[in-house]
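What follows is a single structure, written as structure tokens, with notes after it.
Just so it is clear, A, B and C label the chains in written order, and each chain counts residues from 1 on its own.
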Amino acid sequence: MRKFLDYIIETVIFICGMLSIIFVVLIFSFLLKEGLSFFKDFSFIKFITNQFWYPNSKVPSFGILPLICGSVLVTLGACLIAVPIGVMSALFISEIAPKGVRDILKSLVELMAAIPSVVIGFVGMVTIVPLVKNIFNLPTGLSAFSGSIMLGFMAVPTIVTISEDAIRSVPWQYKEGALALGATNWQTLRRIVLKAAMPGIIAAIMLGIGRVIGETMAVMMITGNAAHVPHSIFDPVRTMTSTIATEMGETVRGGMHYKSLFAIGLVLFLITFIVNFIADLFLGKNKNL
Amino acid sequence: MIKLNPKLSQKLSYTVLFMATMLAIIPVLVIIFLIVKNGASSISWEFLTSMPRNGMRAGGILPAIVGTFSIVVCAIIITLPIGVCAAIYLNEYAKDNLLTRIIKLAIVNLAGIPSVVYGLFGLGIFVMFLKLGVSIIAGALTLSIMELPVIITTARGALNSVPQSFKEASLSLGVSRWQTIRYVVLPNALPGILTGAILSIARISGETAPILFTAAVFYVPNLPSSVFDQVMTLPYHLYLVSTQIPNMPMNIIYGTALVLMMMVLTMSFVAIFGRVYFRKHRKW
Amino acid sequence: MVDKIQIKNLSCYYNKKCVLDSLTINVVKNEILSVIGPANSGKTTFLRTLNRMSDLEVSFKRTGDVFLNEENIFYMNMEFLRKRVSMLFAMPIPLPMSIYNNIIYAPKRLGLVNKKPDMDILVEQSLKDASLWNDVKDRLHTSAMKMSGGQQQRLCIARILAINPEVILFDEPCSGLDPISTAKVEESMLELKRKYTILLVTNNVKQASRVSDRTAFFLMGKLIEVDKTEKLFISPKEKQTEDYITGRFG
């Protein structure tokens, strides 16, 4: 009886272990099914190269080029902010800050990750957006630029947490070796520690990028939601995520427009899959240091 | 280029690094400060316990609080046992082979899928295919899959913190593997698993995109009576009142944001302090 | 003299590296057999193979056979084997629970006792047999983690006695203990051999000479020599054995 119970429980445990694979496969095949049925009626090439997203006009056009441009622009802008701030704070927190405040600083940085993105979006709307409008004298502050700033700050905790782990896992012998040769602390940090921790830092940046690309609510509230190819970073843009979120409610279930949103979901899935895969490769590398 | 004295260049660089750290910290403090300062005045017993009136422009946010609470509780009830079992499998049973590597890759991947894609998936599978409709249960199922990788990762950490020697001691006495896990590993990993669960609850309370098409609606006149009801939720409500309704009184928006933020932050703090407490009072 | 355990041609590998090379030896019922040898001689691996604890490690491989009462242990149910051949580790490992629960944990899980009065009797008897009863009888329900190292190790012995095994494996049981605690553990070992068969792996050559009936000397994964303890210590057949016990290496 006892044996039999053990056996049942161990089977359940095994199934739960497999569930992650099952879910990933399920999500992917589901998106693929809906996406492929969309691409039967609208060519994939046209889907990613056409620059007009008019899903509701009489002759609908499902070109996601403007959405891709929106996502890329916002992501690039966010990276320009998040990468230097993130990596530098990780260095400061792990190597320079006095031991006593280290954990406090880290928790404060990570506090940002705990704030719901819709709250961040709202704060962005009432602070950054009017500020950007006035400073740059724009018709509206809802722009890729404002979005980049907010998303940049949202990506900082991801980058800090993972880079900090990477920096801290650099063996202390490396540092001692350099210091013994007469290098200053900073020279050691820059030339030895940073280099040794590089795979982990790259992984951190990749995961940060993944977070920015997938971010939905804040982006939707700040970037202005205009589906056209942007000419400058101060233009309003619309990302892939916010397109899905805003338009899903208005579509006819099972129609072209509905399916096109799943096709966008498929593209997003593939992008984040690749980004996370690369990050995982680098994280694996870091462990074999 | 002028070659700087190494001492001076160190000082300069450290200053820059310090400023970068401040830049990483200040925004979140500003956000919290802004919300608390502008939202505190609108928090009242009535705001927390009454229905919205006049097209959301007056009254309270009770249905949104109840809605968020019910979705999150359902989601954690679904995801916690699955996640803990998966963590037990990976830590205690899985061999170092291809299958295990695929599982780990799948977990990393699941963690990276954008939340709005989970929303799409939930809409397709739970709302339409399983015909659950837009409901608490559809939203909870969607969130539970999304939260699975996080639960697995924290549970694995908690399981790993139980010393290997305890397991060996139990096994060496002829106690079976599952019984060892059940009576030695799990009780000692429980505090870690629970704090992880609280952090997860905090995180999914603030999620909007996955429940956008699966559970949340603009307005419901009644509180939910079963898991098949549609609900209002706090994050979605905040999104609506801050972007979709013209002439919205600012204090209601700030009040909603404050309630949501405090809910999430309080739970995070409880989890973090719990973790510190259990680490200090560990029995070994 | 009855052979309790027969080991035939046992070889063990970690990551394909041979750590125990075609070992053939037997263990007699109710004797104390000591296994001595320098570090990396394979003696701990040998011990951990006898109750298949080494099977827990992924990189472990083995060939050959081990018979317990003429039954091959590698075809036996693993839990049943470990109940019969139990193990005391180098460091005392009390489980993070009360003294009482430490003793009763395994018997309860194995279904040996169910009723509260039986449990009380079992706890008392096991603690007495491990000569710990007088130290702890007033605080059975306090945490076992708060005991001294020597007491913890005797608690672990009591825990093993509670499941009434046939063979007890001691893996350097005194390496973390002070001389007085060591003496107490050795005392209980001599007491225990009346009922149980004991294998003792030790780094302490003197301990082997004090307690064991026979002693085996391992070197680099090979059994060099096994003989009556007095004989092995007074007139070893092999030069390497003599060098080791006289302290020339190891």
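Convention: a residue touches a chain if its C-beta (ideal position, glycine included) is under 8 Å from a C-beta of that chain, and two chains touch if they have at least 3 such contacts.
None of the values given here were measured: they were computed from a predicted structure.
Participant: Farthest chain from subunit C, going by mean C-alpha coordinates, please.
Facilitator: A
Participant: Quick one: most central chain, C-alpha centroids?
Facilitator: Measuring from the global C-alpha mean, the nearest chain centre belongs to B.
Participant: From the C-alpha centre of subunit B to that of subunit C, how far is it in Å?
Facilitator: 48
Participant: Just the number, please: Cα centre separation of subunit A and subunit B in whole Å.
Facilitator: Comparing mean C-alpha positions, subunit B is 17 Å from subunit A.
Participant: Using mean C-alpha positions as chain centres, tell me how far subunit A is from subunit C in Å, no decimals.
Facilitator: Here subunit A and subunit C have centroids separated by 55 Å.
Participant: Do you know which subunit A residues sit against two or more other chains?
Facilitator: 2
Participant: What parts of subunit B, by residue number, touch at least two of the other chains?
Facilitator: Residues 176, 179 of subunit B each touch two or more of the other chains.
Participant: Would you mind writing out the residues of subunit B in touch with subunit A in their complex?
Facilitator: 6-7, 9-10, 13-14, 16-18, 20-21, 23-25, 27-32, 34-35, 81-83, 85-86, 88-90, 93-94, 102-103, 105-121, 123-125, 128, 145, 148-149, 152, 176-179, 202-203, 205-209, 212-213, 235-236, 238-239, 242-243, 253, 257, 260-261, 264-265, 268, 272
Participant: Taking the complex as given, what residues does subunit A use to touch subunit B?
Facilitator: On the subunit A side, the touching residues are 2, 6, 9-10, 12-14, 16-21, 23-24, 26-27, 30-31, 34, 84-86, 88-89, 91-93, 96-97, 105, 107-109, 111-112, 114-123, 125-127, 153, 156-157, 160, 184-187, 190, 207, 210, 213-217, 220-221, 241, 244-245, 248-249, 253, 261-262, 265, 268-269, 272-273, 275-277, 279-280.
Participant: Any idea which subunit B residues touch subunit C in the complex?
Facilitator: Per the touch definition, subunit B meets subunit C at residues 95-96, 165-166, 168-176, 179, 183-184, 188, 283-284.
Participant: Hey, which residues of subunit C end up touching subunit B in the complex?
Facilitator: Going by the criterion above, the answer is residues 51, 53, 56, 58, 79-84, 86-87, 89, 91, 93, 95-96, 105-106, 109-110, 143, 145, 156, 159-160, 163.
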